[in-house]
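A, B, C and D are the chain letters, set down in written order, and residue numbers restart from 1 in every chain.
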Amino acid sequence: MPWSRDEMAARAAHELKDGFYVNLGIGIPTLVSNHIAPGIDVTLQSENGMLGMGPFPYAGEEDPDLINAGKQTVTELDRTCYFSSADSFAMIRGGKMDLSILGAMEVAENGDLANWMIPGKMIKGPGGAMDLVAGAKRIVVLADHNDKKGGHKFVKACTLPLTGANVVDVLITDLAVFERPDRSGSPFRLVEMAAGVTLDELRARTGAAFTA
Amino acid sequence: MPWSRDEMAARAAHELKDGFYVNLGIGIPTLVSNHIAPGIDVTLQSENGMLGMGPFPYAGEEDPDLINAGKQTVTELDRTCYFSSADSFAMIRGGKMDLSILGAMEVAENGDLANWMIPGKMIKGPGGAMDLVAGAKRIVVLADHNDKKGGHKFVKACTLPLTGANVVDVLITDLAVFERPDRSGSPFRLVEMAAGVTLDELRARTGAAFTA
Amino acid sequence: MARIYDDAAAALDGLLFDGMTIVAGGFGLCGIPEKLIAAVHASGVKDLTVVSNNAGVDDFGLGVLLRSRQVKKMISSYVGENKEFERQFLSGELELEFAPQGTLAERIRAGGAGIPGFYTKTGVGTTLAEGKEHKDFDGETYVLERGIVADLALVHAWRGDRFGNLVYRKTARNFNPNAATAGKVTVAEVEELVDRLDPDSVHTPSVYVRRLIVGHDFEKRIEQRTVRQRESA
Amino acid sequence: MARIYDDAAAALDGLLFDGMTIVAGGFGLCGIPEKLIAAVHASGVKDLTVVSNNAGVDDFGLGVLLRSRQVKKMISSYVGENKEFERQFLSGELELEFAPQGTLAERIRAGGAGIPGFYTKTGVGTTLAEGKEHKDFDGETYVLERGIVADLALVHAWRGDRFGNLVYRKTARNFNPNAATAGKVTVAEVEELVDRLDPDSVHTPSVYVRRLIVGHDFEKRIEQRTVRQRESA
């Protein structure tokens, strides 16, 4: 049975270590903050200029001046500080984020990531994703294993415009978890499968080569 | 009779217009702030990270955390703000200073300035002077007309390592004031002489060509 | 040194011209110079190049300038909230230059700081780096990105003083302090004019702010109102 | 996320090695990390490359590391206050790389911001630009300057919180916030540990600060004590 979005987020939360500074992308990655284990102290960065992002506010306490990178209202914590966009990305580009968790349209077996554009169709733009994959020490991708038409998302080579070349370290889908030890050409290795998923089924639903 | 240092500073103060943001170098330029005309509102920048520099403190009120670029104790004003060195020079390099007044060892007739080094002898370093001459909109130089041995300081071509090439707009010495309208090759023009100085004497004591 | 004006239209008087480049602060609808944008709209100035992380929404912020067809080109990182934008772009009526968000922020900062170009890893290997100069440093490849200087910068601050020193509030800071440095002229709207700001806590020094207005009744629209439930007692 | 140590020696334990590069905040003797510099001196670590705007004075600040011959090379903009420096340099015992002050500040910021190089007008046409790559942008010539990343950054702040967020005081800020970003590891000394800093007024976010000490009895020496006379009543 495929993992739910919350189960995927919970699995991604295992990647967070005590003391980490983490940037969570929009969508499923946002859910990861609900699954951080007790005793694991993590500081969340929001690339619009906030370090130490708290949970959503209680109804009636929303502040239009206090949003996250997904434009959602959030709250501050006792560790919070704010800074400009240039300072925020100085931090990201400068390699100070231990981890970033992002969504994907395609991940290739060489670690390429595409998640910002479908030529002629979707023109939302890269936002901060290109900066995050270039700067964060470790990139975890959370995505459905297949698209809505059953097409592959974990592919031999990306067909969509890249967000970054050779940047993905861990891929968590609703079917499985893939990981590679470094970015020097090592293949992704299957490290976990959802209960009831078989290796044959997984291979059939995957375009990328991986080791099991 | 040559101008005194205070007279030179007073003459330099004429270059300050209402609303100007100004950076004053170390030495005679520092004296300029004593001669700003009433009604002329000038904000002084100190490149160690302060905008809105006030006068020296009263005895007993010195604050080791509050110094100017000459490492002298100063005070703050109601307009004062502080910033980092990178932000300070972003301001300077970005062309936000209307004027900077600096000292000189040599000024050449093409506007070159040398004021930071005597090879093999003096190795103090450029400090912020190279940034100021590259960034400020207008550069006024305050210097004695001749060195202690009577040698020329306003010269045909600088012999000392440059602080900046083609950067001086106004030169105020103890004998005269020279100015050029722009930096596109126009010669310096004599615009004022100290009382009792003759043009012949001035030419004899000057290595540079200038128009009178 | 800021001069204080009565309203946004007065503050922009004489500064607007067709074909100009405007850089605006704000992220989404948070911290946008809403009064100043409305006054640009009312002025009718056109063929604008607008540098802003986002393009507002259809009926608020920069979206109103798109709807009125005053914008020729946007330089942005993300325009996903704006349907009219998508329509104009896909139909070829609007030019668009995408920049990664951090590159955009740094390009604006660089422009303000007198830096015409800098190298970054961001975007290397993507279409956004195509046609740009690449260079290796210490065995890694970087792409050259250009500083941005605009004819006019529009920013929204929380508090200002009469000299033009500004302080921003929470995540409404975002691109505002960077934009404030990158205009040949910078105009700021503030929510409150105060006698004195803490000199250690000023975000934008007065040297950057030429004109200032004190706005009233800001809309400050929230794009995604997300809340949590109170735990029951 | 900062961990708080008992004293400077403890905070530097395991971080020092011969031949390393250290970037230090401070301008003149203002805002220098005096406790941490003293601990580097006491450690005996040598062959250091030190990146700092100035070199202290003979018996205080970085001057003590020069006197003890622990420094192999300085990267600075101005060293005029230090006689021992001049002696060692003129005798060839010390390497020196001069950078214009603004270029030095920007190189440190760039290093911290993941920018390996940037272009500036500063220094073009001078000996400090010789041998460096030049490039024209919009008809003007600029010189390529490199970002600086150090093995260790040492900074002095006024107040810190237990997470490592820092606030500097007046002109003691200077190079400190820039240096704080440019170390592979950053150690801060603060004058006061507080429960909570105003989140809009933090100068150095906690992500940059790995280790922290609360110092006591700072000397904070004044280099040029200049005063004015009170007007008589």
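Here is the rule we use: a contact is a pair of C-beta atoms (placed from the backbone, for glycine too) under 8 Å apart; a residue touches a chain by one contact, two chains touch by 3 or more.
Being a predicted model, the structure only gives us computed values, none of them experimental.
Visitor: Listed by label, which chains are in contact with subunit B and with subunit D?
Guide: Touching subunit B and subunit D alike, sorted by label: C.
Visitor: So which chain is the furthest away from subunit D, centre to centre on CA atoms?
Guide: A
Visitor: Higher C-beta contact count, A-D or A-C?
Guide: Counting C-beta pairs in contact, A-C comes out ahead.
Visitor: Measure off the straight-line distance from the CA centroid of subunit A to the CA centroid of subunit D, and report it in whole Å.
Guide: Subunit A and subunit D have C-alpha centres separated by 36 Å.
Visitor: How many Å are there between the centre of subunit A and the centre of subunit B, using C-alpha atoms for each centre?
Guide: 54
Visitor: For subunit A versus subunit C, what separation do you get between their C-alpha means, in angstrom?
Guide: The answer is 27 Å.
Visitor: Between subunit C and subunit D, what's the gap in Å when you average each chain's C-alpha atoms?
Guide: The answer is 32 Å.
Visitor: For subunit D, what residues touch not just one other chain but two or more?
Guide: Residues 106, 109, 113-115, 120-121, 168-170, 173, 199-200.
Visitor: Return the residues of subunit A touching two or more other chains; collapse runs of consecutive numbers into ranges.
Guide: In subunit A, the residues touching two or more other chains are 76, 82-83, 89-90, 92-93, 134-135.
Visitor: Tell me the shape of the graph of touching chains, choosing from line, ring, star, complete and other.
Guide: Topology of the interface graph: other, matching no listed pattern.
Visitor: Please list each pair of chains that are touching.
Guide: In this structure, the chains touch in these pairs: A-C, A-D, B-C, B-D, C-D.
Visitor: Which subunit D residues qualify as touching subunit A in the complex?
Guide: 1, 109, 111-115, 161, 163, 165, 181, 195-197, 199-200, 202, 205-208
Visitor: What residues on subunit A touch subunit C, complex-wise?
Guide: For this pair, the touching residues of subunit A are 46-50, 55-59, 61-74, 76, 82-86, 88-90, 92-93, 112, 120, 123-131, 134-135, 161-166.
Visitor: What residues on subunit D touch subunit C, complex-wise?
Guide: My answer: residues 106, 110, 113-121, 135, 137-138, 140, 142, 146, 167-170, 173, 198-201.
Visitor: In the complex formed with subunit D, which residues of subunit A make contact?
Guide: Touch residues, subunit A against subunit D: 19, 21, 41, 43, 45, 51-52, 76, 78-83, 87, 89-97, 134-135.
Visitor: Touching subunit B in the complex: which residues of subunit D?
Guide: Subunit D reaches subunit B through residues 27-31, 53, 76-81, 86, 89-90, 96, 98, 100-106, 108-109, 120-128, 158, 168-178, 203, 220-230.
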